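Quick one: this structure, given as structure tokens, is what I'll be asking you about.
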Amino acid sequence: MTVQLHAHARAFPIGGPIVEVHDISLNFGGVKALTKISFDVREHEVRAIIGPNGAGKSSMLNVINGVYRPQAGSIVLRGERLAAMTPRRAAHMGIARTFQNIALFKGMTVLDNIMAGSNLRMHANFLEVAFRLPRALREARECREAAEEIIEFLEIEHIRKTPVGRLPYGLQKRVELGRALAATPQVLLLDEPMAGMNIEEKQDMCRFILDVNDHYGTTVILIEHDMGVVMDISDRVVVLDYGKKIGDGTPEEVRSNQDVIDAYLGVAH
Amino acid sequence: MAPQELQADTFPKLLMHQARTRGDRPAVREKSRGIWQTLTWRDLADETVALAAGLAERGLQRGGHVALIGDNRPRLYAALCATQWLGAVAVPLYQDASAAELLDPMRNAEITHIFAEDQEQVDKLLEILPQLPAVTTIIYDQDRGMRHYRQPQLVSHADLLTQGRALLAARRDALDAEAALGRGSDPAALFFTAGTTGQAKAVVLSHGALINRARTAAAMENLRDTDVTMAYLPPAWIGQHMFGYAQPMVVGFCVCCPESPETMLADMREIGPTYFVAPPKVLESLLAQVSVRMEDAGRIKRSLYQYFMALARRVGVPLLSGQAVPLGDRLVYRLGDMLMYGPLRDVLGMSRVRLAYTAGEAIGPDLLLYFRALGVNLKQLYGATETGIFVCVQPDGEVKPDSVGTATDGVELKFTAQRELLVRSPGLFSGYHGDADATRLAIDADGWFHTGDAGWLGDDGQLRIIDRVQDVGALADGSLFAPKYLENKLKFFPFVKEAVAIGAGRDEVCMVVSIDAGAVGNWADRHNIAYSGYADLASRDEVQVLIADCVGKMNAELAQDPALASLQVHRFLLLHKELEADDGELTRTGKLRRVVIGERYQALVDALYARRDSVRIDAQVRYEDGRQGTISADLKICRAPTFAAAPLPMPTRKAA
Amino acid sequence: MAGFQFFLEVLVTGLLSGVMYALVALGFVLIYKASGVFNFAQGAMVFFAALSFVGFMELGAPFWLALPITVGLMALLGVGIERFVLRPLVNQHEITLLMATIGLTFVIEGLAQLVWGVEVRRLDLGIKDQPLPWLADNTGLFISQIDIFAAVVAGVLVATLALVFSRTKIGRALRAVADDHAAALSIGIPLKRIWALVWAIAGVVALVAGMLWGARSGVQFALVFVALKALPVLIIGGFTSVPGVIVAGLIVGAAEKLAEVYIGPMVGGGIESWFPYVLAILFLLVRPEGLFGEKIIRRV
Amino acid sequence: MFYREAGQFRTSYGQDGQIFPLRQDRWAMLALLAAAVLVVPMVASDYWLRALLIPWLIFSLVALGQNILTGYAGQLSLGSAGFMAVGAFACYNFMLRVDGMPFLVALVLSGLCAAAVGMAFGLPSLRIRGLYLAVATLAAQFFIVWALDKFGWFKNNDPSGVITAQPIVILGMGFNTPQEKYLLVLGIVVVLALLAKNMARGATGRAWMAVRDMDVAAEVMGLPLMRTKLQAFAISSFYCGVGGALFAFAYLGTVEPSAFTIDMSFRILFMIIIGGVGTILGSFLGAGFILLLPIFLSVLFHAVAGKTVDASITSAVELIVFGALIIVFLIVEPHGLARLWQLTKERLRLWPFPH
């Protein structure tokens, strides 16, 4: 299905840089996680960050949406320079993400998880909610409608009211994607969206990621292990190794980059 | 019935009538986005006429042909009627057909406009578009993934609708006039016959024929506009069209479309239809599900279930047919209804069903009786695409498992020397599209349609069908051999998915069986038998013993009846795969394609009669992702216990 | 001068009661380090231990006999708790474990009452609760002998434990467990046995604490609340640091006494009941990981 | 088995989101309420009302508060009794010092006072989590009781340190008999429970649970952790406060600060653990269970061992049973009675199928 996507003209042509990362360095108590990483992400593109285990991929993502504070460097979001990003700030600026090891709200149903994702658009205070005043009801309806659109989009109608805890791994990943989408993000960070999935699940996930990018024009930054998948679905790839950037470019370029071959493909499984 | 309803001789006119008389009543409900979105008759009419305006703008003309490929959706019904509004002919096609399968019908029917549900369907169409120069417009419903398609023929349903709405103001009168032009004799829709033998034929049915049949049946069962039905079968099947489109249009009751195939059961429980139609296939899988889930239940529940089902067989069936039953039994049955039948009906979503048909295929008597025993008024009807379905229907209170009921109003029956059933009825089709010769063969000079089914009329005036004429044969010893009877009997066991009986001209009967992966798999799990996949499961000795036991039970029952004793199955083998429509072994409605099967599995049949112990088979298989591959497997040939013809007690063999 | 002397006296008494807190808190830390459980029942165990000890002596058992019996009993109790309460709850959320130990508190209290009755018991260790003469003579500080004794015992206990942990094999295993359960398990350390052991040790620590405290102010239900005071101690000291809780114990003890004496009167006294907690909260806001606790980095 | 659901379908999100989606449940609930309002006051004896039903309702309310904070928002609190005390004494003082103060207004105000205090002690939850927070709430427990005890002003300088609640009068109508008090409490509890349910099933509740289940993810979604937690503290304490006020005014009549012991806080915690963490229903079940257990035990004792049993024995056994139950529930059914009830219901809906 990926082939077919690229065969057609893109619904949202790739635009200018939407996220720029400048000389980011991050270390935990002396341990260097990232050193002077710089790259940019263009609007509407699918950008992959790859690298062997412990290359600092997740750290990079965590820096971009402010979970970690880099010791040095800055992030430019839609031209706005931000010395320090905080998770909430990132969310408000249209960045949503999924986590490497699923971070769903275990006690809630699929529907509630996804609805929770759109909390930024809920303005009614708890009293309005308690007394079911018009605004609360209106927002609840809109929130549900948005959630239902996503549920349809991700083809999870049949588990709508199932507590996420009971779902198999693959579906949980899908629900987490749904929760991220509920925030209607401009930039979507996916931390190993296909880790631990079987072939069909991976294919589905690829389709969904591409459809998201294609249908909503969402810019996607994803970390992935599976080289094949990455090469199929991403427009450009950044390669990290031991916290340093060793490659950046289209899948083809990266594939032919000697450092990458040594560092990554050498040890690839 | 109201006079103007009677003079409404086309579906568009009926729709307008319904919009006038019960505009605010629900016409179509669709489970979408988690709730039941409802279209009233007025909404449906408005959408239809707007769509018609859009179609007219895009050059659809009287007599043109419009293909519809997709699931049951309100949009689909509106599209159907909009097509007919302009005097064009609707051609619903099977949504799971491959691009190649779609090509011939489309060519044959000279399609110009196509309604396609989603990207998947559109992709199929684009594949064959080059060979279909006549196609000018493809209307897609879901724009998911469609944004970057640039073909000029493509237009989204929504856009067409808005366009139509815009035009409506100016065109309303013209459109109404167009609809008024329609006559009952006009062709309404084109259906491709299941075609158990060779190529599918395009059956043309007129508004008149469909409406006449719909009215007759509705009157007979006194359907009301308060009735509710589920639309979950392929729209390309005449049955779905009759029960989900024609009859609602005539009666004005509500059709409900499930959210997705996976959620069908849940959705059905929510809606609780009062009028339910299911081919034997569906009922079989329902029964299989019930048995499987009951197997997982605790001991007490299980024995309760067994006890009360036995009772239901004895008491429920006659009760439902309004026969006298001793008070004691009736009281226990009440209890059972509280503890077992009621809840079962409810979890199956059948609590409110007051009329249920099984159609499309002959049903095994045990299967029929199972549901009747539960208190569901399940009835057989007999008909074919060419007869607009309704030929015979079992009247309430006279349901006999071996009959398909009495002739409905306006239908005449007669038989040829070869016992072939001939039908004459106002519901007959007007001919095979673009195939005058075939038409002449099917409908003779006096207007009798040759059904190709062998049967006879009982003294009770009820029709009994033996089998397809060309399938009915005789064993070497001359005793009558009707494979379907045996197959249905065996398929009552939940472990059996499909069965093919062979025996014509042979000295004894053998069977090729494909197991039900779900039921057998569950059974295997409980007896902790490890297996890697379908083929592996089917090759397990334990499983073969299990099936042999089923066949044995069937044989025992056959042995009870001297007339059938010779039909006992002596040997069988378990197929390494399920029979699939995609592999051409079944029709899209799930009927056996004996010719295809006979050719493909010749080797197996020979081996069965050569009394070999096993046979090697190399089979083409198509994987999910469409790749072709060959499996080669050794199929063991199993012997089934058979019994002396004299009536004797049921055997007490245990499944190992 | 008198003012200063008074201050010193208050300070020292505070420090000494702080030793008690430290002793109780020690029990918490041991268990928390080893099994990540915050054992709310530690207080109840102190109560139970002291009560049992007294009980046995009242039954006529001489000191040298009552002591080992009680030690055995406490060890048994510890092992039992580990086996029947915590093992089924392993890998549960810490809050759940806390609640379980709260339940445990009730059970132990109930048991203690059921077996030994409810009235306050005197516990006589043969040390008089009166100022140490020469100290009074030389420095003019009036400090109870029993407090001194308690301090010494506590010191010895802590020292021994420190030795056990640093020198012996068990100690090393225990530290390994504290660092990383999975790793410890992977290098073949019998987790369950270690846990049981730790609980037993905690039981013994509880006994010592209970005896000293009981000797000072009678064995009674109030001991349970004394144990609650160990919470702020833990927070200030850090849940995982033995030296931490000892220092913290002293701080809390001293602080609450001083506060009682110098601030108390202004607000009507009795502020001991809550002062340590507020102190702890204030401390938390400044240094959440405690005095010697490691800084927590939350990985995502 | 008795559910007949076929035909109950929803055509709007409103219907889909209602508290009792099944017709049968709606009827059952209405019947229950009707019985509680019409039948109970007539048949129940004064003892039943005074000693069982009124305290049950009041503690259900308090447990509800605890559940909002601990069950929904995941913040452990050991200070509920303290917040009850605030409510009780606030209400007393409002009635005392503001003449013509309507009772219901005083009730709400006392709830608000509790909320304010609750927020104050909830502030640390912004920096600290889990166990650490438990200590902060302990501080609340001890500090509040101490303060109320120390400063005579709160008790109108009553020498005995005990307050006597003013008689309840609403719109000139006095609520003095157990029946009247019961009905009043019932009304208040039902309304507050409904409001709680609305919050729990609405955006507010989702925010709470998000913070509870995975605060990092919640923060990444832009949820304001601080505000959400503080809000939970405030609302929870409000419920406790109102509960405390009713405890003083509708139940005991006279109270002293020391009535609100940490032991009470623990019992309230037990109520939600046994009843069901994170469910409205659980609060009621748990409260009922914890209140009835001692009575049941003593009855049992006197049945078994005659009237002679020493009170200390019974109380000891009571402690043991309480503690054991908590542990057993945490191990066997962490979601408490409410979950058991829910499972049975599922069973009935699927009958005869097991799943």
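Think of it as A, B, C and D in the order they're written, each chain with its own count starting at 1.
FYI, a residue touches a chain if its C-beta (ideal position, glycine included) is under 8 Å from a C-beta of that chain, and two chains touch if they have at least 3 such contacts.
Keep in mind that what you see is a predicted model, and the values were worked out from it rather than measured.
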item: Centroid-based (C-alpha) most distant chain relative to chain D; value: B
item: Chain ID, smallest distance between chain and overall C-alpha centroids; value: A
item: More contacts between chains, B-D or A-D; value: A-D
item: Cα-centroid distance, chain A relative to chain C, in whole angstrom; value: 48
item: Chain A-chain D separation of Cα centroids, rounded to whole Å; value: 41
item: Rounded Å distance, chain B centre to chain C centre (Cα mean); value: 76
item: Distance between chain centroids, defined by C-alpha means - chain B, chain D (Å); value: 57
item: Junction residues of chain D - those touching two or more other chains; value: 13, 216
item: Contacts with 2+ other chains: residues of chain B; value: 34
item: Shared-contact residues (touching 2 or more other chains) in chain C; value: 300
item: Complex contact set, residues of chain D against chain C; value: 74, 76, 124, 127-128, 130-132, 134-136, 138-139, 142-143, 145-146, 149-151, 216, 262, 266, 269-270, 273, 312-313, 315-327, 330-331, 334
item: Chain B-touching residues of chain D, taken from the complex the two chains share; value: 1, 3-13, 15-16, 350-355
item: Complex contact set, residues of chain A against chain B; value: 4-5, 8-11, 111, 144-145, 148-149, 151-153, 155, 157-158, 160, 200, 211, 214-215
item: Chain B - residues contacting chain A, complex; value: 32-34, 123, 144-145, 147-150, 259-260, 262-263, 266, 624
item: Touch list for chain B against partner chain D, complex; value: 29, 34-38, 268-272, 293-294, 296-298, 301, 304-305, 339-340, 342-347, 349-352
